[in-house]
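Down below are the structures I want you to see.
Next come two complexes, and both contain subunit A; in the first it sits with subunit B, in the second with subunit C.
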Partner chain A sequence: MPTSQPLPPKEKNLFNRILKCYEQKQYRNGLKFAKQILSNPKFSEHGETLAMKGLTLNCTGKKEEAYELVKRGLKNDLKSHVCWHVYGLLQRSDKKYDEAIKCYRNALRWDKDNLHILRDLSMLQVHMRDLEGYRETRYKLLQLKPGQRASWIGYAISNHLLKDYTVAFKVLEEFGKTQQSQDAPYELGELLLYQNNVLREAENYQEALNHLEENKSKIVDKQFWLETKADLLLSLGKETEAEKIITDLLYRNPENHRYYQQLEAVLKPENEEERLQVYESVARVFPKADSPQLLPLTFTTGEKFKQLVDKLMRHQLKRGVPPLYTSLKPLYKDPAKVKVIEGLMEGYIENLEKSSKFAESDTTDEPPTTLLWARFYMAQHFDALKQHEKALNIIEQSLEHTPTLIELHAMKAKILKHLGDTAGAMASMDEAQSLDTADRFINCKCASYMIRNGMISEAEETASKFTRENVSVEEYLREMQCMWYEIECATSYAKSGQYGNALKKCHEVDRHFTEIIEDQFDFHQYCMRKMTLRAYVKMLKLEDSLRSHSFYFQAARIAIQVYLHLHDEPYKAGGGVTNDQDATMSSAELKKLRNKQRRQERKKAAAEEKRKQEQEKSGKRSRQQQQKNQKNEDEADAKKDVEFDPEKLASVADPLEQATKFLVPLQLHCSKRFDTHLFAFQIAERRGKLLVMLRSLLRCDELADAGDRAELHVCKVRFAKKVRDANGVASAVSDVISQFMPKLFGDVEIENFNLKFLEESKKSLLHLFAGCRSMHHLDNGRKEQATDMLLRYDDGPDNIPTLQTCEAILDSLKQKEFGELAEATMLQIREKFRAWHPRACVFAAAPEPVEEEPVLNGIDEHSNETQESGDSAVKTSKPHRKSEVSDQKNNNNNHSAETSALIENHCSHGD
Partner chain B sequence: MDGEEDPQLQDKKKKHDTESAADLERVTDYAEEKEINLRDVGDVLANLGQTVNAQQAARERELAQVKISKEDVELIMSEMEITKIKAERVLRENKGNVVQALVTLVNS
Partner chain C sequence: MGQRKDVRIELGAITQHNIKQLKRLNQYIFPVSYNDKFYKDVLEVGELAKLAFFNDVVVGAVCCRVDVHDGVRRLYIMTLGCLAPYRRQGLGTVLLKHIFQICESDGKFRSIFLHVQINNDSAINFYKHFGFEIVETKESYYKRIQPSDAYVLEKKL
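The block that comes next holds the complex of A and B.
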């Protein structure tokens, strides 16, 4: 040992006990031993002991003290591998991985064959995906310690990850020879399957098949063995043998759709009838299996389809299977099938109402629940076809008969949501929730509907029925990484202009992903020990593309949009509301909002206080238990991260940099999504990077669907204008741009390019609006013309714009897309939208002013109705006040009732 | 049921909480490595020479010889917002032609 401060035997012994205590997580005892050594004046500056004391303290959450001690220890004994190793471990626990690797390397300089250090180094390397370095370290470990399992496995994995399959296979083969199946049969089986995996990835199918056969008796996971064999036989074209295996598999589980695909691949049916026979033969053996009944619906047509779907629907309605619609949903891509289903279902309902039978010719009577489920299906059916009013009618009708069925209330809420009536939807979901407060699913749904209606504190209250006591809901859900909740909150905050809070939620989601990636660290060693290598390698691959998850995409979308907004209109501190909003808000409203905020804050403070008190109480009650939990708590403290501060987040100096941070993972993992490149364009536009704009534009162009074309057009025009207006562009850059211009625009001037687009967009408000925006962008003076075009939009029955389109347009007008608009114009536009979507809360006029508001001020209110509708919803949050909601709504809608009736007619005819 | 939950259910939940926490805790537990029969590792390892791709090395050498101008690298870095290493690489791959390099990047 190269340490400069050797200890005498007694102290040496104590020191070894510190090490042991650290390994076994007995931190208190470890500290005791450290104290024993350090209290001896001769060794009070002993480097290694100081370092170990620091490391142990770090595990009990005392980070600063730990750093101080470890650094002091290192200073006292720079030649000690222990001190360097400890410093590395400390840095690692602080997630400074690069620093940690450097420390390990220093430690190895003093003790180059130290197994502990090499092992820790290798784990960091695989964690950071330095695969070459990982292989090198594992090679060394294998040379030094061939007697250990982990040495072999680690070296094999490192080669596998580098796609060096031959070496990986040989190492595993050698290692396998030392393993006896009677010791740990499952582990050996896993090892063999992992080895087989390596062969298959190397596309050595024949060899893999032989290997599989040879080791059949040793492999415990029989199902996976069969599945692998079937895959291999199919890859090798041995269909007759494959058929036998697939049949075996179907006997094990007739509900696995993949087996059916494979069976079809083997049997190669030539037409619909033969294909159907495949499934019928399985159905004969397993008459109760759903899959052989359900899957043929996807490929049969005409009479045959009708016959099959008729049988299935009757059966499931009779049994009262609520998710029947979910099973049939994939068929809704085919309008002909939708028609058949609708016809059959209408027939059932008519007959069931008349005579409690599916068809008049039937002999048996159906129970009344059959009719109920048939209606429930019909409501889902019409909702899917966007005939929401019809769906709502059916649900109302069913609720009259069965007012206590949760599914009906939940469905009603969903339909109302689709109609834009967020307040009504919330009320219905709350009703559903109140019918079974022990149902967590419905509780979550209710919370989510409350957030959508802008009532986050109420949502917290609802969610609190299922969260742990003594912990605030927000904190608990964050700890549980409950991302849907955080994303809903972020959406709601962003909508109401509380950008700091929105960003806070987005960053929390982002942090969950970071945490998940960091959590893999513990498994590098664990999986090797437990021999769960297949799962381990799968996990590594999953972690590599973790941020392709849709939760990340949603959070990133909100964050990027908010940051772009903050770039355009920097946040001004004060009250959590931007000054921009203050300006458009009447003083009374502002007061109301401020009051509301203050109320919320007070409520929060009170809740916090209560929580603390409770904690103290329970603390006294169970001191003992607390002591037992001390260790866990210590660790929890150590892990607790700094909270994000909304105020700070909203007032960042470099919003575009921040937006880019969210964009990078999207570009890496979601490069096939239009929005990814749209965001890239929008960021580049603000940074004035023409070529990045061009690059993003080209990607957008490749990926855009019909709806995306609208936004794409706006981007194109903005790009062309920017190019035209740009000065001092490097010649290389303009060279590149001119190469691509014809591809994007043909030979037309931008103005004409836009005129042509406007001409083609008469039948879609979404595209028309894009054209108007472009026109206004090219010439600021044409805002009257732009709004005029919007107002003159031809609302034929087939061209009614969706709720989302209208909402987006209204939002963008409020964000001053066309600059300041006359209040009368805004009102007109909103009226027009309301005629199309009479139930939507966002377009509803504000309720009659209650406080000191003069009536004339009413117009002013319209310009920020989101706030208002939020307020009106507050008043009606309790379900028992539901009648009030509808009354109010009726009042609001009275003058547009005629129009809405007309629209409804259109809707139903249109479909 | 509302608000005040069934105490039994609560207990169960708590138990579940601590149990799963304990399971997680165990992942990082220290475990002694099991020894396996010592074998002659030298033989095995000798047969496992690591291959170096000769073709790739030749390509690298070829690229390193391409002359590139500092201004071009800087232009690419600033226009496409990429790192210096990446910018140089693209420029080399396009034989030092800055327009061609930019077109490649725009198309990528």
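The block that comes next holds the complex of A and C.
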């Protein structure tokens, strides 16, 4: 061992015990032994002991002290592989992987065949995707330990990842010879399938097919074997053989859509009739399978389509299949099919209402649930066609019919949401939730609707029905990486101007992605041991593009928008959160908001208090346990994640830098999305980077759809103005820009360019507003003209702007897009929007501020019901239910007077 | 009122998770409202209270309690009913037969009895069909609905 500070046997023994304690996570004992060595003046500067003490301290959460000790240790003994290894481990735990790799390499200089270090190094290398380095290290390990199977497999994988398929295959082949199938049949099967995978990726289809046949008996995953064989036969053009395999697969599972595609690819039907026969032949064998009934609907047309969809819908309505609409949704791309479906459904409903039959000519009566599901379908149908009021009518009718069906309440909530009535939507979803409190899906939906209605603390309360006790809801959901919840919260916070809190949630989502990437470490070793290599390689590929997930995109979008806003209007500490809002809100709104905040704070404080008390209670017991098991405690200290501080996040000095951090993964993984380049443009604009602006603008121009064109136009105008106003631009830069200007603007001046756009946008408020913004940007004296154009927008029945457009415009005006606007003007605009979207809460006039607890339908019901007593059951129900209930009551009274009435009997509670 | 072959009628337990469904049912079916105690007790009586599922949708329920008076043990049906569109589908029969079965396996009930508003002919006919008889008329039994008189229907076991 090349250490320059060898220890005498007694101390050497102690040192080994430190290592052992570290491995067994007995950190306190480890520190004790370290102290014993270091307290001897002869060894007080012993490098390796200092380093180990540091590493141990790091595990108990004392990072700074750890760094200091490890560095001191290293300085005292630069030739010790232990010191370098320890420094590497420390850096690794701090996620400084590149640094850690350097340390490991240094350690190997002093002990080149150290298996432990080589293994650690290889894991970091594959983690960092240093694949060349990984192969080198795995090769070394294979040479040193040819008896271990991980050595072979690791080397094969490293070659596979580098697309060196020949070597990978050969290594696996050699290794496979040593494996006996009776030891672990599944593992061997997996190994062979992985090997086959290598051949297929190398596009050696014939060889892969042979390999598959040779090893048929040893492969356990029969379905995958068949699927792979079918794929290979298709790739090799052996269609007759493929047909047989695909038919086998279809008989195993007639609901796998891919098999049908493959069957069609083999049989090559020439027309609709033949194509249909493919499916009918399967349907004859599996009359109960859905897919052969459903899939032909996508390609059949005219009478045939009508006949097939009629049969399918009748069958599923009769059976009561709630997701019928979801199955048929793909057909809604074709307006002709939508029309056929609507016609049939309307016919059913009419007849079912009249005579409980689908058609007058039918002989059998349908059960009442058939009408119920038909109406449920129609509500979804009209909602999808944006005829929300019609949908709402049908759902109300259905609720009158069967008020206990949870799906109906949830659907009503969804329709109200689409109409912008967030409060009503929330109340309906809460009703749905209360009807089955054991249903987690509906509970989540309810929480999400509450957040959309700006009631985060109520959402927490609802969610708490399914979270662990003694842990705050927020903490629990964070631990569970429950990202939809965090994104909903972030959206809501951003909307209400609580930028710090919004950023906190965005950063939490971002951290989840980092955590998922970190979690790879658990699998590098595990998968090699368990031989789940197909899954392992798939996971590596997934992790490479992890941040392409839509959750990341959503969080990044909010974060970037908030940071841009913070750049434009820096956060003022203290009460600054609402400062910039105050100006744009009426005093009534403000009062309302303040009240709400105060209420939320009160509630939060109360909940916190309760939690603390509970923790104290349970804490006593658990502390005893912990003392018994002190290593747990040590670990717990170190594991605690740093909480993000909203105040700090909102007052960052470099918001553009922060925004860029969120942007980079989008540019990497979502380069096909308009928004990615829009954000890039917006950041570059604030930094004055003309060429980056130009590049982003050109990408936007390629990707924009009709809706994006509005925002694109604004960007173009802003860019052109910036170029025109810029002084002292380097000639190289301005040359490039002038080269692209004609592509973006034709040969017109910006003013005329904008006038033309305004002229073309008379039928879309979204585009008109973009034109107005641009006009105001070019000449901010034209604020009146801009608002005037908005107010004069021609609202023909076909050109009603969407709720989202109106909301965005209102938000943007509140953010002073046109500077300070007169209250009367704002009111006028709001009224105009309200006329288009009468149910939308955002355009409703601000109600008088409520001092007491708000009467918020669904929410307070719970508490009321626990208090209600005696006759008050009906009276304390929420307002709109009350009328329904008493209507019903009258109906029933009339009913009981008639003979057609019900089986019922009554008792009074007094009895 | 025989049960059809293409529909499924099943009974299910009432739990703290779905008790609100019973509340909604009762609000829609009966002109009388029930207090909290009613719903609290229902959770305790086990098989004596059941929800009825028609093709997997909750549309009806029965709630009973044991009545002991002067040492006589009887079963009292507090509520039995289903939503209007689901009447004459055999739900009432299934619910009532469930009650009969309880009494049979218990073996110690003297009779089953209940109250019906005097003008509720269909209900009276329904119970008569299963062997109930009018044994008494209680005047002004109901406080908020008209007619306020009730028949007591009883079936001896």
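Throughout what follows, the second predicted complex is superposed on the first by the 724 of 911 C-alpha atoms of A that agree within 3 Å, B and C clash if a C-alpha of one lies under 4 Å from a C-alpha of the other, contacts with A are read in each partner's own complex, and residues count from 1 in each chain.
Going forward, contacts are C-beta pairs under 8 Å (C-beta built on N, C-alpha and C of every residue); 3 or more make two chains touch, one makes a residue touch a chain.
All of these numbers come straight from a predicted model, not from anything done at the bench.
K.L.:
With both complexes superposed on chain A, which partner does A:Asp735 reach: first (subunit B), second (subunit C), both or neither?
P.N.:
A:Asp735 sits against subunit B, while subunit C stays out of touch.
K.L.:
Classify the contacts of A:Lys218 with the two partner chains as first (subunit B alone), second (subunit C alone), both, or neither.
P.N.:
neither
K.L.:
First (subunit B), second (subunit C), both or neither: which does A:His116 touch?
P.N.:
neither
K.L.:
Can A:Lys304 be said to touch subunit B (first), subunit C (second), both, or neither?
P.N.:
Neither partner.
K.L.:
Taking the superposition on A as described, I'd like to know which of subunit B and subunit C A:Lys386 touches: first, second, both or neither.
P.N.:
Neither partner.
K.L.:
Report for A:Arg782: first if it touches subunit B alone, second if subunit C alone, otherwise both or neither.
P.N.:
Neither: A:Arg782 stays clear of subunit B and subunit C.
K.L.:
Is A:Ala438 touching anything from subunit B or subunit C once the two structures are fitted on A? First, second, both or neither.
P.N.:
Both partners, subunit B and subunit C.
K.L.:
Tell me which partner A:Lys689 touches in the superposition: subunit B (first), subunit C (second), both or neither.
P.N.:
So A:Lys689 only meets subunit B here.
K.L.:
Touching A:Leu405, do we find subunit B (first), subunit C (second), both, or neither?
P.N.:
Once the two structures are laid over each other on A, A:Leu405 reaches subunit C alone.
K.L.:
Looking at subunit A, which of its residues have contacts with both subunit B and subunit C?
P.N.:
Of subunit A, residues 437-438 contact subunit B in one complex and subunit C in the other.
K.L.:
Which residues of subunit B touch subunit A in their complex?
P.N.:
It comes out as residues 1-3, 5, 13, 17, 21, 25, 27-31, 33-39, 41, 44-45, 47-48, 50-51, 72, 75, 79-81, 98-99, 102-103, 105-108.
K.L.:
Which residues of subunit A touch subunit C in their complex?
P.N.:
318, 320, 364, 367-369, 371-372, 401-405, 434-438, 865-866, 868-874, 885, 888-889, 892-893, 895-897, 899-911
K.L.:
Okay, in this complex, where on subunit A does subunit B touch?
P.N.:
Contact set of subunit A toward subunit B: 23-25, 139, 142-143, 146-150, 152, 164, 167, 170-171, 174-175, 178-179, 437-438, 465, 468, 522-523, 526, 529, 632, 684, 687, 689-692, 694-695, 698, 730, 732-733, 735-736, 739-740.
K.L.:
Using the touch definition from the top, list the residues of subunit C that touch subunit A in their complex.
P.N.:
Listed in rising order, the residues are 4, 6-7, 15-18, 20-21, 23-25, 27-38, 54-59, 76-87, 89, 92, 114-117, 119-123, 126-127, 141-143, 145-146, 150, 153.
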